[in-house]
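First the structure, in the form of C-alpha cells, and then the observations on it.
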Amino acid sequence: MTRTALDYDDNWLDPDELAHMRRRLPLTYVHGLPVQRGDDGEVDRVGLLLRTLDTGALGREIVGGRVKFHESIRTALLRHAEKDLGTLALPTAPLSLTPFHVAEYFPTEGVSPYHDPRQHAVALCYILPVIGDCSPGGDALSLDWLTPHEAVSPEITGEMRHGQQHIVRAGLAHLGILP
Amino acid sequence: MTRTALDYDDNWLDPDELAHMRRRLPLTYVHGLPVQRGDDGEVDRVGLLLRTLDTGALGREIVGGRVKFHESIRTALLRHAEKDLGTLALPTAPLSLTPFHVAEYFPTEGVSPYHDPRQHAVALCYILPVIGDCSPGGDALSLDWLTPHEAVSPEITGEMRHGQQHIVRAGLAHLGILP
Amino acid sequence: MTRTALDYDDNWLDPDELAHMRRRLPLTYVHGLPVQRGDDGEVDRVGLLLRTLDTGALGREIVGGRVKFHESIRTALLRHAEKDLGTLALPTAPLSLTPFHVAEYFPTEGVSPYHDPRQHAVALCYILPVIGDCSPGGDALSLDWLTPHEAVSPEITGEMRHGQQHIVRAGLAHLGILP
Amino acid sequence: MTRTALDYDDNWLDPDELAHMRRRLPLTYVHGLPVQRGDDGEVDRVGLLLRTLDTGALGREIVGGRVKFHESIRTALLRHAEKDLGTLALPTAPLSLTPFHVAEYFPTEGVSPYHDPRQHAVALCYILPVIGDCSPGGDALSLDWLTPHEAVSPEITGEMRHGQQHIVRAGLAHLGILP
C-alpha cells in the first residue's frame, strides 16, 4: 500500500459508514486547548468555542475532532485548529506527541468523566498556543478568550459539553495556573 | 445505550469486518513495556516477547494490542498483559493515563518510525511493572528479561518488529536508564 | 571526593547554617502525594497529614522535605515518607524522575501559588502509592485518607499550608480524578 | 521579607561562598536543549555549545546553569539562554514547568549518569525552541546545529561533558526523534 494509492478526499467516509464504525471501534481523537501567553511566557488566557447545539441551546467546546486514516496526530490537530479557529490563527503544533491528558469518551454516562452519546473515543489532549487572529468557522459562534478564573467558573463549566471542563482544568493544572 | 446492552463476546468483530475497518480508520492501541525493579526501586530489567512470525522467522515485541469498543485503556492494557504474560504476571496498571510515548504506526513505511502493513494505529505506551511469574501465551515462545544494555543492543533491536525498538528506547529514556 | 568520605550524620548541617543557606540559594525539595488505589487500579484516596503549627493552629501538608547533599531524589523521597508515614507504610518509589508538577516556593507571597516564609525552594512532586499501614510520626497528629471530593473541598483546602492545595489538585488532575 | 529588600546584584554570592555551599547542599539547576523546528512542526535540529575546557581540550554542553535565590525557573532558563546563545536567539520559555527529564549530577562518578566534580546539582531539563540568530557568548566558541543522527553519533557524544549526552538522548526520545 502506498501513500499515493490513498484517496484523501474529505468525503471518502460517508456518514452512514462513520456512524456504523462509531459503534464498533473506539475512535482516535485529538484535542487542542487554545492558549495565549503573556509577556512573561506564562499562559494567561484560554480559548473556548461557543457553538449552537442540536437542541438549539448554546454549548462550549475546545478544538478537536477525529484523526483520519493515514493522517498524523500533528496534521489532524492543525486541521481541526484551522477548521475551528480559521486560517489566520497561527497555532503551534506540540513539540512532543506526549499529551498532557487522555480523555476517554464513552457512549454510556458515568463510566468516565467524558460522555459522547455518539461514540467511544480516545482523545489525546495538547496545549495549543495561538498567536494569530481567530475567526471561528463551521458551527462555532465565537471563540472567547478567558482568564483561568473565568474558564473554571461555574457559569462556564456549566456550558461545557461532553465533560470537557475536565480537560480545561487538567490543562490549567499542567500549565501550573489552575486557580 | 446501556452497558448491559453491549455484547462483550470476544468474537463480535469478525475478521473480515476488522480487516475492513483497519483500512478506514486509525485503530486505538495500547502498549505495555514490561519491567522489573531492583531493590533500590529503579528498573533494571525489561521484558521482551519472542514470537514466531508468519514468515517462520523469529521476532520480538512488547505487550499490547487494540482497545475494544467500550473498553477502558487500563482494562485493555491488563487484558493484553494477561494474554501475553499469563495470569500470574501481576502487572500494575499505570497510575496516570498520560503515556510516556505515543507511537503512530502507518501502513506506509517511512512516514514515522513505526510501520504496520495491516493498519494505521495510534498506540499509547505505558510502563508495565510486573512482579509475578510470566508464562507467555498465545503465539509467544518466550519472555526474556533483558538488561537495558542488552535491550538496546544491535542483536535485539534487529529482532524488534514494527519499529518497536524505538518504544523500548523511549521507555528507557523516560525511566532514566537508557544506556 | 568519594562517597565514603562524606559524613552522612543527620546533624551535619546545623540549624544556623541551614537558616543562612535558606536565604542564599533555592533549596531542592521533593514531595510525595500519598495515594491508595482501588481494585480497578485507579487511585481513590489521597493521604494528607494533619500537623500542629507553630501558632498552635492545625494545618495540613503532604509528604516531603529537602534533598540532602549527595542524596538521590528517590532516597530523599523515601526518607521523608518514612519520617512522615512511619516504617510500615510501604511506599513505592516513582518509576521515572519526571515529576507530575514542580512547585516553586518563594519567601515573598504572590510570586507563585506557593509561599514559604523561611525559604525559596523548588519542589519536585511525585505520586506516592502506599500499600502498608501509616502511623504518622514527628509532629504529625494524623494521616487522613480522603476521597478526591473531600481533598479539594473548601474545608480541607482552607487547612492546607504553603499553597499545597495546588499540588493536591495538580496530582488529582494528573491522575485523571480531579472532581 | 519583601522582594524590594533583596539585593539582586549578580555578585551577591561570592565565589568562596558558592564553592562552600556546593559542598553542603544540592544546587537547583535548569537546562535548555536548544532546538529548531522544520516546516512540519517537528524538531529537526539540536543545538550544542562547543567550549574550551580548563584542560585546554574542547567539550560540548547544552544551555543551562543554576537558579538564583528568588529567581523563577523560567527566568533562570531565559537568563542562561541569553548568556549562552546571545540576545537575538529568541528562545521560547516552556509552557509547563514539568521537565522532560531530571538530571542528578553527583560529585562522585558512577552514582548516576551525570557527574560534576564541583557539586551535587539537580537539573530540570526543558526543550528550548529557538527561532532567532544565535551568537554564543561567554566561554563558548560556537553553537552547532546538528541533526538527531549527528547529535547522538560517537564523535559528538564523546565530546559531551558531565554525561550530558544522556540529556540530549532523553530530549530526542521525548520529541519522538531519537534515531
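A, B, C and D are the chain letters, set down in written order, and residue numbers restart from 1 in every chain.
One rule holds for everything that comes next: a contact is a pair of C-beta atoms (placed from the backbone, for glycine too) under 8 Å apart; a residue touches a chain by one contact, two chains touch by 3 or more.
Here the structure is a predicted model, which is why all the values come from computation and not from measurement.
Student: Listed by label, which chains are in contact with chain A and with chain B?
Tutor: Both chain A and chain B are touched by C, D, going by the contact rule given at the top.
Student: Please work out which of B-C and B-D is bridged by more C-beta pairs in contact, and write that pair.
Tutor: By the number of C-beta pairs in contact, the winner is B-C.
Student: At what distance in angstrom does the C-alpha mean of chain D lie from that of chain B?
Tutor: Chain centres of chain B and chain D, defined by C-alpha means, are spaced 34 Å apart.
Student: Using mean C-alpha positions as chain centres, tell me how far chain C is from chain D in Å, no decimals.
Tutor: About 27 Å separates the centre of chain C from that of chain D.
Student: Measure off the straight-line distance from the CA centroid of chain B to the CA centroid of chain C, and report it in whole Å.
Tutor: Going by mean C-alpha positions, chain B sits 34 Å from chain C.
Student: Using the touch rule from the top of the page, what residues of chain D touch 2 or more other chains?
Tutor: Residues 97-98, 100-102, 174, 176.
Student: Once you draw an edge for every pair of touching chains, what topology comes out, line, ring, star, complete or other?
Tutor: complete
Student: Using the touch rule from the top, collect the residues of chain C that touch chain A in their complex.
Tutor: By the definition above, chain C touches chain A via 101-102, 113, 166, 169-170, 173-174, 176, 178.
Student: Can you list the chain D residues touching chain A in their complex?
Tutor: Residues in contact with chain A: 35, 37, 40-43, 74, 78, 92-93, 95-98, 100, 127, 129, 174-176.
Student: Across the complex, what residues on chain C touch chain D?
Tutor: 1-3, 13, 17, 21, 23-28, 67-73, 97-102, 104, 106-108, 111-112, 117, 120, 122, 124
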